Amino acid sequence: MTETTTAPESEAPGALTTLLQQQFSDTLLDFHNHRGDETVRIKRGAIVPVCQFLRDDPRCKFELMVDLTAVDYFEQGRDPRFEVVYHFKSLAHGHRLRVKAPVPEDDCRVDSIHELWKAVNWYERECWDMFGIEFTGHPNLTRLLMYEQFEGHPLRKDYPMDRQQPIMELREIDERNQYGRA
Amino acid sequence: MSMETALAEPQLAGLPIEADEDTSIMAIEVGPEHPAMHGIVRFTTYVDGEMIVDMIPEIGYLHRGFEKESENSKWIQVIPYTDRLNYVSPLLNNIGYSMAVEKLFGAEVPRRAEYTRVIMGEISRITDHLTCVGAAAMEVGAFTFFLWFIKAREYLWELIEQVSGARMTTNWTRFGGNATDLPDGFLDDLQERLDKVKDILDECDKLLSKNKIFIDRVKDVGTISKEDALSFGFSGPMLRACGVPFDVRRSDPHSVYDELDFEIPVGTVGDCFDRYLVRMEEMRQSISIIEQAADKMPYGPIMTDQRWVDYPDKKEVYGNIEGLIEHFKMVMEGHQPPEGEAYAVVEGGNGEVGFYVVSDGSGDPVRVRLRPPCFNYVQAMKHMTVGHYIADIVPIFGSINMIGGELDR
Amino acid sequence: MNLLLEILSIPLVQTILKIVFMIMLFAMPLGTLMTLMERKWSAMVQDRVGPNRANVGSFRGHGLAHIAADGLKSIFKEDTMPEGSDRFLYLIAPFFGLIAGVSVFAIVPIAAPIGSFTFQITDIEPGLLFIFAITSLSVYGAVLAGASSNSKFALLGGTRASAQMISYEVFMGLALMGIFMVYGSTRVSEIVDGQNAYWFGSLIPKWGILTQPLGFLLFTTALVAETKRAPFDAPEGESEIVAGYFLEYSGMRWSAFMLAEYVAIVGVAALVTTLFFGGYHVPWLHLWESAPEWLVRVLQFAKFTAFVVFFCWFQIQLRWTVPKFRFDQTMALGWKKLLPLSLANTVATAAVILIFV
Amino acid sequence: MELKVKQVQRVDGFKESLYLPAIFTGFRLTVRHFFRNLFGAKDVVTVQYPEEQRPVSVRWRGRHRLTRREDGFLKCVACYMCETVCPAKCIHIDAGDHPDLSVEKYPVRFDIDELRCVFCGLCVEACPKEAIRMDTGVISMAYASRSTFDFTRDLLKDEYQPNEVTKFLDEDLPKPKSQAEALPNSVGLPAA
């Protein structure tokens, strides 16, 4: 467990961050080291070369694409609104890395990295399903968890919690929400 | 149409084939309602005779909006939801989520709490493996094996009940510690029950592990190579069965696992037989971990004394007004971890369970993301089943231990 | 009184009475009981309690009322028929298995004959070969049910069942060649009587299990495969093809399939007892020369029943012990291992008989 | 601790390919279980439910109950903490002025919809007065009608009979006659 300070340890760049700074100096936007999680923010156009580098370079050697998701900063009013978050794990070196790529709302797309790891395919589909972030070059970008007729993208913050989809019967839900006894 | 020609057909390699009278290919819907589908998942399987030529997994039937629900809750209210993710090892999810939020807080967990977490987590892992191996064995016909395992699981769930107050919906961890300490006499009871579980494991091992009928069913079935497994993002027993000794408990040591001695079982081939053996061995290792942790169990508090991480002590709440106000504020406004993001991993029952949490400093999470291990396994189902018989779906699917709640969230 | 005796002495009446006894009072009740016993015994193996909830008033009888409850339930359940099914075939399919199952009892003797009166429905010359012919009919039950259900799972189950039953039929006959050779007949009564002989004075009875141990193993395996029970229950394959060929059936027709399976269990037990365990002959009973004739018959019937019940138990125990084969492994085992073995057994038996007898 | 790796043993040799030895071993095990369960020595974890009930642990989170003060009235002060913390949002409280002047508020209405409840126990932890508990040990609530599950203040007693209509009316509340009676602490009496 890390020390109980909230002071930013983020100032000192980690080894991987330094490496990425050297290699992709023009695309690296930001980095931090909060709570020991090495994190870099990169321009979304560079996601494919960066991931390629992370997978193939012997100093990185990230065999595992652990997780791919997005975060919606709508309520925080941040611009760009979305951030696609990649988590990587290297078994050879034992380190982890988080890569984030900001995606604006009006041009909601990022390049697909499905050719680098086979696991990416479904993660990108899920991300599209949930956030509406388009992964250009993805072979089969269809809904994964929701059904085809679903309208909207449920994990966007402006998708209301209690929104009724047209395919659902409203009657039963009204009944359930009526709290208390007759 | 033979296997080779069927695979050579361009449309078969990719997306749905129209199964019509001209081809000998038949489409079979395995699931969503099917006895071998634990949880609900659908495999549209294309078979040539009994040989699978293509398969389209479809998930989402159990999607309950865990992440959306969490983002509309307070931080503490997410813990009960995590029980329902992997519902055969809920404690590991509790622990993972709490670790993620503790990482945000920068909170330190007392050692006794860590040791109890290890014990409870390993019990949970055993129940997970018991369910998985038992169910997989049941589906290849070893029903007795399954019910003996269920009996063993029953012993362990009663233990979990003694500590947390519920068998499956445990809601046991809190930020900075655990809700309850181990009750009196728990460690003796634990040892007694672990001995029973060990006996059952030995019996079941004799019953099945050397039975040629069983070996025939699982050997060289659902084989996946090391490279493919890594590319598909496998973790946990599935990856270890391929021969990669990757265990989050060792690679990213959390809790007090680096003070405990255990071996990581690995397989060689990466087929269902290896997965079965790895899981069987892992249960024995877990028992040994529990015994070590019980021996080393330190005395001390089970909650961190850091303020604003968890509710103040009940004595404070009842005794003085500051404590009461702090308690009131924490309940009404929720726990407020500092702004930032954290990714915490635990070795779950069937792989790396990761929680990615983002906070903006308020009482409501911005993002709670679960990285489900079986998501990757179900994605690889097509890769593992094509070329096998339709009956092989059952052991392969059993061995990946898909948990619907975790997969669809 | 005389009239009654006279009527009873008519062979046809005797046969009908025997049929009624064998089917209605022996095979069917045992088969029905097996439906419960399977559940109770498997519960004991698996450290469970088993069914014990059905009750008539306060009578539970450790689950005996479940037999009645199950019967009533299946009678009153709706008899559904899937859309697009072949109506006629769908309706008749369940009864092939039942007919084949009970026909085994036509040749099984349950006690030694008294004068010209045999405790056996018919003792025909071809004996077992006739039985093989009849039991092959049960293939039709599975195939027709699978083909007429208009369901893919049922179709797969039906094809599996037909392939498995036909191939195991082949060496079931071959496995028995040894028995035919040792006892020199295909007539059941002669085989049974042949097992009443002894080696070393009257020390060891010449039972089929001792003269043909390999034949016993092979024949039992083949019979278990014929009844499509574990470990050979790929045609049902409840985890992969749901319930196989009888997936779409409900109500009484489904019960007919189940009953056929359990009657077949009793049939298998009866055949194994008759062919390999001396049939009704109680070993060493001939040493007690002053035994009254009725007591001998009662003892013989009791011995026969005890062995039948034991083998029923054995089959059920086997089912809850072993996992099941995959379909292609069943076929590979049959054709590649058991068929050569039974051929070898036949040749070896013939050689031994030629040289030593 | 160093990384220790253990290779699992795949046993598949000639002895296994004979099928029979393993089947025989298995048979011995199952027969042993069979006879052990046939004659006494029940190693059965099944509970014959309605007749016998499993002893639940003291920490078991069952149906809720509202604790009472010594005068028999509810301890609850209607502070809304449990309602706030409840993840299933199944608790609904309406506060009212308590006739006993020593108590500021009391729940005029305290409803728990047990069908929505997820039995997480967070309400018990949040309560500053130990007014709500889940220690009744009631493990299953199987009633015939949906409305039976809407537990009101009056039904959250220690024992609950769904068919018995009980009402805890406002007339039953204590009616203090003097200041000293209403506020015993104000005249210096130690709290009980």
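Details
Every chain is named by a letter (A, B, C and D) in the order it is written, and numbering of its residues begins at 1.
The rule is simple: a contact is a pair of C-beta atoms (placed from the backbone, for glycine too) under 8 Å apart; a residue touches a chain by one contact, two chains touch by 3 or more.
Since the model is a prediction, treat every value here as computed from it, not as a measurement.
Among the other chains, C has the CA centre that is most remote from the centre of chain B. When every chain is reduced to the mean of its C-alpha atoms, the one closest to the centre of the whole protein set is B. Of the two interfaces, B-D and B-C, the higher number of touching C-beta pairs belongs to B-D. Centre-to-centre separation of chain A and chain D, using mean CA positions: 40 Å. Taking the mean of the C-alpha atoms as each chain's centre, chain B and chain D sit 26 Å apart. One finds 46 Å separating the Cα centroids of chain B and chain C.
The mean-CA centres of chain A and chain B are about 22 angstrom from one another, to the nearest whole unit.
Touching two or more other chains at once are residues 45-48, 320-322 of chain C.
For chain D, residues that reach two or more other chains under the stated contact definition are 23, 26, 29-30, 45. Residue positions of chain B with contacts to 2 or more other chains are 144, 151, 207-208, 211, 213. Interface residues of chain A, counted against chain B in their complex, comprise 1-6, 34-35, 37, 39, 63-67, 69, 71-73, 75-76, 85, 87, 89, 91, 94, 96, 98, 117-119, 121-123, 130, 140, 143-147, 154-155, 157, 159, 161. Remark: chain C residues 42, 45-48, 152-153, 156, 230-231, 233-234, 237-242, 320-329 touch chain B in the complex.
The part of chain B that touches chain D in the complex is made up of residues 73-74, 76-81, 83, 144, 151, 154-155, 158, 161-166, 169, 171, 179-180, 183, 203, 206-213, 215, 219, 245, 250, 257-269, 273-274, 277-278, 280-281, 311, 317-318, 324, 327-328, 331-332.
Looking at the complex, you find that chain B touches chain A at residues 15, 59-60, 63, 65, 67-68, 71-72, 102-104, 106-109, 228, 230-233, 235, 244, 246, 251-252, 306, 338, 340-343, 352, 354, 356, 358, 360, 366-367, 369, 371, 375-376, 379-380, 383, 408-409. Those residues of chain D whose C-beta lies close enough to touch chain C in the complex are 23, 26-27, 29-31, 33-34, 37-38, 43-46, 48.
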